[in-house]
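What follows is a pair of complexes built around chain A, which joins chain B in one and chain C in the other.
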Partner chain A sequence: MMRVVSVILYLLLAPFAGALLDGFDRIITARMQGRKGPPFFQPFYDLSKLFSKQMIAVNGVQLLLILSYLVFLAVAGSMLFAGADILMCLFLLSTADMFLVMAASSDSSPFATMGASREMLQMMAYEPLTLLLAVGFYLATGSFQVVDIIHMPLSSVLMMPGFLLGFMFITAIKLRKSPFDLSTSHHAHQEMVKGLTTEMAGPILAIMNIAEYYEITLMLGIVALFFLNQNWWSWPLAIVACLFMYFLEILWDNVSARVKWRTLLDSCWVVTLLTGGLNFLILMLIK
Partner chain B sequence: MGILPILIGWPLLIAAIVPLIKQERIRGYVVYAGAGGVMVLAAALLGMWLTNGAQAMAFYQETEWVNYLMIAGELFLTGLIVYLSIKYRKYPVILLSVGQTALGIWTEFRFPMQPACHMQIDSLSMLMCMIAAFIGGLICIYAVGYMKAYHQHHKEFQDRSGFFFSMLFLFLAAMFGLVLSENLIWMYFFWEVTSVISFLLIGYTRTEEAVNNSFRALWMNLVGGFGFAIAIAVAAATLGTVQLEAVVQTGAVIPVALLALAGLTKSAQLPFSSWLLGAMVAPTPSSALLHSATMVKAGVFLLIRLSPALAGTMTGQMVSLIGGFTFIAASMMAIAQNDGKKVLAFSTVSNLGLIVACAGIGAEETIWAAVLLMIFHSVSKSMLFQAVGSVENSLGSRDIENMHGLILRLPKLTYIMGIGIAGMYLAPFGMLISKWVALKAFVDAGNFLLVIFLAFGSATTMFYWTKWLTKLVSMHRTKEEARDVTHRDQYFSMFIHAGCVLLLCLLFPWLATTVVNPIILELFGASHEVLSMSILTTMAIMLVSVLFVPATMFLVTRWAHKEYVPIYMGGANEGDNTYFVNSYGEPEHLYLTNWYLRFEFGMRRLMRPSVILSSGILIVMLCLIIGGAV
Partner chain C sequence: MGKLAKSPWMLHYDGSSCNGCDIEVLACTTPVYDVERFGIINTGDPFQADILLITGGINSQSESVVKQIYSQMPNPKVVVAVGICACTGGIFKECYNIKGGVDTVIPVDIYVPGCAARPQAIIDGVVKAVELLQKKREAFASQRKKSGT
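The block that comes next holds the complex of A and B.
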């Protein structure tokens, strides 16, 4: 019963949570840059405007693929919030991302295709850590099931601090934050135009944004997984940790410039080995 | 079970008849009949075995005259190799071939064995028979249409289709013999037959490249065969038995290690991968056969048979290390390939690496994953090869770059290819689920390196498949017209494959409980649920969602009213999304390519270090194993 409620809450509230975080992000970013920034609810205004626009498309399949992206992200998130298998959830997350890549390259547009290629590279960069992460949870708690992981006597972060560090590193990719915003960025007018989303407009772009909000919530849900345990106070702790982590991502976004793909791939893989790999080795040895 | 000799004899008969028929039409019908017959016979065997209680059954204790026949066969093969080696001036091969044949015959006369069964049917060999009969049979059917188109395209090669079909059927016969053999000497005979036939198939076009590649395949497989022959001699001399099961039960170190070496060569693991990569010079049906239903599967079949003796031993460590390393190295090199068949070849090597790694660990869970990987890989890979072959016949190229916008040009073939690719790596198709089980099993086995290999290898695997898939679905119109020259029999085969991929995923829970669990039970004497039923059902539901989400979205988006606009191209779009106005004011054709990261992941950069590293591991560990045992 709890699971059903949790999934329904996720499906209903995740876009709102994501949009609110986005509004928060925009204000903080603006303040860091010495600007005032938009109103807190700007993401909602943006969405409603995008939905009110005429539906224009470059081909017939783009909308279909973007909707599939949205649905798979929602399903992946539901698996996490239903307390199901974390590894399966992460696999589905990559399947969802694959639909995004297909949507972008279905246009056969130069800038969108470039964004799609870069997105694939980003997937290759972050995927090893996500797999190791699931394995880390399994070693630390003895189960792949989220519901077991959050009912441990102690937070799993105590066993896997390295994984948390590595995960923070790759979350910058998933949140499309600088220095890893290679495939598309929150800011247009760049060498790649708008990358992946170049050919998306109006309602299609709105759907893409909603999907991103689901993704933010999902990523922060995984961060919370590090902190949750059977005690009630772990929940507020996890929320604070998520917010703090999100703040760190914003800070990093603002103090760094975009890197080249080679740096992205190398740094992600090296960090994965150093944080996740090392932590995993230690967990395996003490088991 | 009088059907066993018929099952092996029928393809032999077809192989003997086919080259005699000069008329293409009639030959086609004979091939259909042959392939159909193989499938019917295999199904009949399955039916009889099931009605007999699906137990392991042993046959043929007294086989004196068959043994002599096999010796004659071996001598013939050796003679053939010697003749061809002299003809093409590849003399070192002669040493390998003559050496092992002499050793084999010497062993047979020097150590007469107690009568024991020579053939055995159990769940694993039954599964292998089914794979060989149905996938192999469909490939033969596909080949009829393919070879016709192939020789229309390639006038420069002599049409030796009759010989080609003959070899395909001979291969099936050898494969049946191999998987049903319990006696190592018999298995060795069929093992050598498959090596020689693959050699002949690879050299089909008789170009210089084909001849060189075929000899490379031959010598590498003969190295493995030599290991096999020594293993038999050692087993006969020290254990007094040449029964595979007895060798596995005693866990004798040297024979098991050498048999594992043979398995590694045949399943094209590093450092022996280059023979399979070179095998793609042959017409596509033979690649499909080598990669999916027969040759390489014989290697992993032997390793799975050996797996109880590999568990927790140094040999097992060697096998799993080589397998895991091959998995990641081959998947990295696949990124830099733009030739469709080459990507498939690397992907085969890589996936086999995973199966081999599972076999090397030799725990129940890993074998469970290995068997499932093998099933899914066979079907998907055979289908992919057939699709690439058909595309090549239609476009005149198998370059992935030329498949840009294929969905608009050859939609049917694109869907088939897409299903095959999705089956190879996407959640929740079978390959991925098996990978998931493998990951869990590696963690449970405490094997740090394999987990790392798997994590990074999955990422690179994802990259090269996604790249290919996006190329296919791109809505790009080109001026070049493509005419689909695929024959009906080719589509027949591919549609059945596509149906199988989807059905196997839907029936995953059934497959796991009725096909895989009995195999584990026979190999390990015990079997418990690797994945609980609830997880299996979740997966089936997920699969349905993967099929239905895009389908429903398709219907939803059909209703949505859309205004179509041209894409943004930097310069002004000429209106057809293919040409834009360049800075001279002239129309410029848009050309988009995939990303191959050649400098980072190219074969030139990675192949040599991987071969050196893996040879090092193999040689050092073999020395340690054999030195430790002597």
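The block that comes next holds the complex of A and C.
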């Protein structure tokens, strides 16, 4: 019963939570740059505007692919919030991303195609750590099931601090933050217009944004997984940890410039090896 | 305030300007003027823009580009001509290569004169554009309801 309620709450509230976090992000970013920034509910205004615009789509398949992206992300998040298999959740997350890549490359725009190929590079960069992460949770807690992981006597972060560091590194890619916002960016004026989303107008862009909000919630849910244990006080601790980590991502976004794809790939794999790999070896030895 | 009024995204294109007005347009996004407090985003993508800001007069080379950008913007949309060159052609009006203001190529809704147009005037023009955008949105919505799509 709890699982059903949790999934329904996730499906209903995740877009709102994501949009609120985005509003928070935009204000904090503006303040860091010495500006006032937009209203807190700006993401909601943007969404309702996008839905009221004319639907310009180069082909019909783009809408279908973007909807698939949304559905797969929602399903991946539901698996996490239902307490199901973390491995399956992470697999679904990559499947969802493949739909986004296909949606972007379904039209003839060279900018969107370039964004799609960069998105695939980004997937190459973060995928090793996400897979290692699932195995790390298994080694630390003896189960792939989220429901078992959050009912351990101690938070799993004590066993896998390296994984948390590595995960924070790749979350910058997933949240499309500088220095890893290669495929598309929240900021204007870049070398390839809007990358992935160049040919997405009005309602299609709105669906893409909602999918991103599901993704933000999902990523923060995985961060919370590091901190949750069987004690009640781990829940407020996890929420604080998530918000702190989100703040760190915003800070990183504002103090760094975009890197080249080679640096992205190299740095992500080195960080994966140093944080995830080392933590993995230690867990194997002590278990 | 309606939906569009709170989230007007603008696209900035330089027809053949001397860059004076362009610098003033960019000044609007800096901490001093900060147009993002109105929800305005300076996007680079015509597919996602509501307001087209054009600086400089139109010459035979930029004509096709302006037409294409305009056609790529989804309805409802508003065009703002920033600076006297974009309004009428300005001091370049008599040049052999200049066609004149932006309205010789695409319909212009708001004219912001000045050489260069000051950031305050540009923001004023954009706010006027937002009001017009809202009217166009209502017309667009009723038209869409009538046609049933």
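Keep this in mind: the second predicted complex is superposed on the first by the 287 of 287 C-alpha atoms of A that agree within 3 Å, B and C clash if a C-alpha of one lies under 4 Å from a C-alpha of the other, contacts with A are read in each partner's own complex, and residues count from 1 in each chain.
Assume a residue touches a chain if its C-beta (ideal position, glycine included) is under 8 Å from a C-beta of that chain, and two chains touch if they have at least 3 such contacts.
Since we're looking at a predicted model, the values are computed, not measured.
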Chain C versus chain B on the shared chain A, clash or fit after superposition: fit
Per-residue touch tally on chain A - higher for chain B or for chain C: B
Which superposed partner A:235 touches (first chain B, second chain C, both, neither): neither
First, second, both or neither for A:193, with chain B first and chain C second: both
Partner chain in contact with A:124 - chain B first, chain C second, else both or neither: first
Chain B versus chain C as contact partner of A:56, first or second or both or neither: both
First, second, both or neither for A:110, with chain B first and chain C second: first
Contacts of A:24 with chain B and chain C, given as first, second, both or neither: neither
Which of chain B and chain C A:72 touches, first, second, both or neither: first
Partner chain(s) touched by A:101 [first = chain B, second = chain C, both, neither]: first
Shortest CA-CA distance in Å separating chain B from chain C in the superposed model: 6
Overlap of the chain B and chain C footprints on chain A, listed as residue numbers: 54-56, 193, 198-199
Complex contacts: residues of chain C adjacent to chain A: 3-4, 6-7, 30-31, 34, 36-39, 41-45, 47-48, 50, 72, 74-76, 137, 140-141
Interface residues, chain A side, partner chain C - complex: 26, 30, 33-39, 42, 45-46, 48-49, 52-56, 188-190, 193-194, 197-202, 205
Residue numbers on chain B that touch chain A, as the complex places them: 404-405, 426-428, 432, 436, 439-440, 443, 446, 448, 451-452, 454-456, 458-460, 462-463, 466-467, 469-471, 473-476, 535, 538-539, 542, 545-546, 549-550, 553-554, 556-557, 560-570, 577, 590, 592, 594-595, 600
Chain A residues within the chain B interface of the complex: 54-61, 63-65, 67-68, 71-72, 75, 84-85, 87-88, 91-92, 94-95, 98-99, 101-102, 105-113, 116-117, 120-121, 123-125, 127-129, 131-132, 135, 138-139, 144, 193, 198-199, 262, 269, 272-273, 277, 280-281, 284, 287
